[in-house]
């Protein structure tokens, strides 16, 4: 038992972070917010980097890695607020030609929702009765499907939880940065216990979610994945809200990134397995 | 509309506080904790002061006051942790001879529980299958009744909520006192924001419960009473817990009164109308 | 403890209801949020209708042209107006609720005569220039400078979170007339000015919030000349001048909102009954709990209003208790709405989605919850200042 | 990230399981909580059994007479022992987990030879004299004085929250050997002493907790003579000496408890299914949520244990993250138990009622949650000290 990242896993994760910093910097993010279209070149770059083919065997042109490694990459994607139907395309890498390379953008009907329907090249599931909605999240165009909710795909649930984890880690860092730099009453706001303790609770939520997500990725256990989603949803939503509180008025502006994390976290919390569905599954497992 | 205590109401309330300070001081409280028997002389003194006959018309030998005044007295009883089946005896003042004067101690079967069964002179309701239990609250001997839960008596619910309010107000004061006096790291712990904010939240909880309890006493509305009970239960339990947290280790001792408030608050939260029953009633009223 | 209304209060309520029933159909259609001139026209039209009917400045003292109504009458007014679906103060907010009362309390007779009647008639509207990018919770750290030059102050700096700046006639402005130093603590050296919004040197830049709209603006001031005669109160006494008015609302600040929240809660229950979510025990009880919560907040409002009608009350502090709980309850209400809606809560065109976003500001704006807790702990509970 | 155990680890687990299956039936019946001599005998018997089987001091370095096991083996040991229903350290707590490791790290060869073997064999037990009535969160403010007199320290003062004081042979004692002054900050001037509990001048008074039992005592010291040779580390260096050991548990402090909580949770679910409360959607989902919570806490334990096995880890700080969450989760668990039980939760003879009471100490003991948040914020997040 050594429940720590291997050197290879660390390298993979930091490689993904560097790729995103280079190809999806803050200007690109804010441009995507104002014009939510998929950056196809970035998508192909992700494909080249193995983001979609990560778990395909090497003999099928894949990278031959597993769910833990995929979780690390999706954590980075979540941290960077990378838009697009990343989970659906990743899951389709084996079956849909071009998905692995990032040529084909795949989305998937997920119970009551389908994301990026207009931009995707292919939709999995029955989206005939999809009706467009004005999405709360500027980075995720949504359609509403009035179909019964399908069974959660464990891998989709887990990778979404990993994105939530990345978002929670990011808003925690944003809050801490702000608390260090912003001065009021002649000192950094982070020196006030009220702010300090908000930040401490953010870290605790994030690290508990991290342990849950990483472990669920390693075991692949359906119940453990449900637990990881539940805790990562909570962490992403609550950390974004606390981050907003720490930022005060500045956090309430469109210019601050915190609302993008909160809205995205709200969307992901509804995707693949909601908190209530996860809690029911976890209760049944007791 | 003048939703403030009248001068008469203030006088009544402070009179009750003085009576309890004189007849049920801290020594009496701690003696009652170690030997949970009813103080019959105190009970008669309460009767003389009109505690039980408060709402009987004057022509029946009562005080001729209403539910709001009763709520104020029960708030004081809750603050002082006065033991005994106060609510049941108060409600029986009209129908049970000697109840109004404090000669007869009356208890009442309340859904799954009956308090003070062995000490009471009279029990209302069917207590035949009552089984004794070792009560969590040293100030409230309990029996368990395995009967279906009867409908909540609104007046019993309200007066119990008033006791919870008194307890919440008391633990808030205890916490503030401790925070002012206890020094750690060279200054009063109440100067640390973390402690300060705990205390502020305690006051908020108490004052919201106060508004709810007083208003429900004035209107006598069944739903409003349910709401008052729900909020007063929350206030009493959470303020006792926060009071314990503010006290640190000292709050964890048997010698500190805070545990008496917490245990009593837990008991009262189960009495007459639980939080879940109240919430259901309040939902149905929407 | 009396929750019934007196005959006079009931008569006031009846007269108001009758008038609202007649007046509201006369109002033009509500403009879209982005149409600032339309919003100004709509809000001032409504203010003029109130004025003509004798309801303008209900809670203002009679000497200031108001009706000198009791806090209870004001409560009734706000309750009935909200229930009837009447507009709230809108663009008249600062004029009616802050700048006007400040001038009424601290202005000269000439200043009162110049500025108060147009506010009551809906002829002029005011905006507020208090917060600055580096002076939020710590408002007294404000740095916008005013330098005396003959009969004018010359003002340079910037303000943020200013509503209605695009269409306001006047701005109640806090400026620093004495730099902070060893001998001048930050609360000294602040002066209150009425700045005409058409003065040269003012630039207004809309500030988009996370709800996507631009309800606020930043106001940049580059050597704006404000006549000394537009100063209310003494030079360097602006902090006290401003604080005098903060207790003016006497507990009524959120009356309309609490009434509206109770209506929203009833709508939520109806929606849950309609879409089947009502069968969820946990969600149903949460709706029940919110019923208790908002009923209590309504009663706490009545409590605060009653207390403010007495002498010696400290309504500003009772307001902190209320605001702490209310801001949290409001967020809980809209989070519960999202549970009722499920995936539809992600649709900006559904009811409650934008309200959910705007509810996020309640624990921040007008004093964060952290600041409010300090106020409660130090001013009510007497806990020591310090850390 | 590997959650499977190596062959060696599995072999260790298998051997342990076999031994536990044979050893546990040999144990005498568990004494009642108020029987201190019985508890001492029971706990030391168990320790002797562990010693004879080679499991004593599993995580102690071999130089100190331990087995020098890896953190993972220690984790496995604690997990399996709890699952098998074996006793936890009990009266051996301070000796095995604090005083012993402190002596192992900081003691002289003679001190190690004198004190360590009896701890491992269960011949001697230790208690802890750190906290004082006025030095709780602020432990370094302790005031119990030790004055050098020839070859002895003469110690006067009082200690609180001392477990097993009635039956301990030794007390690890922190005393002040240098008064706090301008030039001596409070963390200096503290010295670590081993005090024989049979020395004249020691009075032990049981301290009743809110759970009704006397798990702790107050210890009053009136000119107690402690030989200088019983000092571990240098005079005035006791704070550092004490802190060295705090990281010694390497993330394993709550292993048994987390295992036990998961078992309790399963029992709660069974109880709810039996009494019909399972049909309550809200309560059932809460049980599900706690399943996620304690599974994650188990994984976090494995994470911390793995990290402590690497160099450069800061297990004490990772412990703060864990403790903040765990203490809250434990309280939530027993509050949920009360919801499952309904009125039966008021019965002291029912399962979980005393556990619910004792869970209240978790956010206070061994560093309040407020102190833990300071640690996390300042040491992990790098936020500034101050207010």
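Each chain carries a letter (A, B, C and D) given by its place in the written order, and its residues are counted from 1.
What we mean here is this: a residue touches a chain if its C-beta (ideal position, glycine included) is under 8 Å from a C-beta of that chain, and two chains touch if they have at least 3 such contacts.
Here the structure is a predicted model, which means the values were calculated and not measured.
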item: Labels of chains that are neighbours to subunit A and to subunit C; value: B, D
item: Neighbouring chains common to subunit A and subunit B, by label; value: C, D
item: Which of A-D and B-D has more C-beta contact pairs; value: A-D
item: Interchain centroid distance [CA atoms averaged], subunit B/subunit D, Å; value: 38
item: Rounded Å distance between subunit C and subunit D, as computed from the means of their C-alpha atoms; value: 53
item: Whole-Å gap between the CA centroids of subunit B and subunit C; value: 38
item: Residues of subunit A whose C-beta touches two or more other chains; value: 192-195, 197, 276
item: Two or more partner chains touched - positions in subunit C; value: 280, 285, 370, 373, 386-387
item: Arrangement of touching chains [line / ring / star / complete / other]; value: complete
item: Subunit D partner contacts - residues on subunit C that touch it in the complex; value: 280-283, 285, 386-387
item: Residue ranges of subunit D in contact with subunit A within the complex; value: 1-6, 9, 72, 75, 265-266, 269, 284-289, 291-293, 295-297, 299-300, 302-303, 305-307, 309-310, 321, 324-325, 370, 372-374, 376-378, 380-387
item: Complex contact set, residues of subunit C against subunit A; value: 131, 133-134, 136-138, 141, 160-161, 207-210, 212, 280, 338, 342-349, 353, 357, 360-361, 363-365, 368-370, 373, 387
item: Contact set on subunit B toward subunit C in their complex; value: 1-6, 9, 68, 176, 179-180, 187-188, 190-193, 195-197, 199-201, 203-204, 207-212, 214-215, 217-219, 223-224, 226-228, 230-231, 276, 278-286
item: In the complex, subunit A residues that touch subunit B; value: 192-194, 197
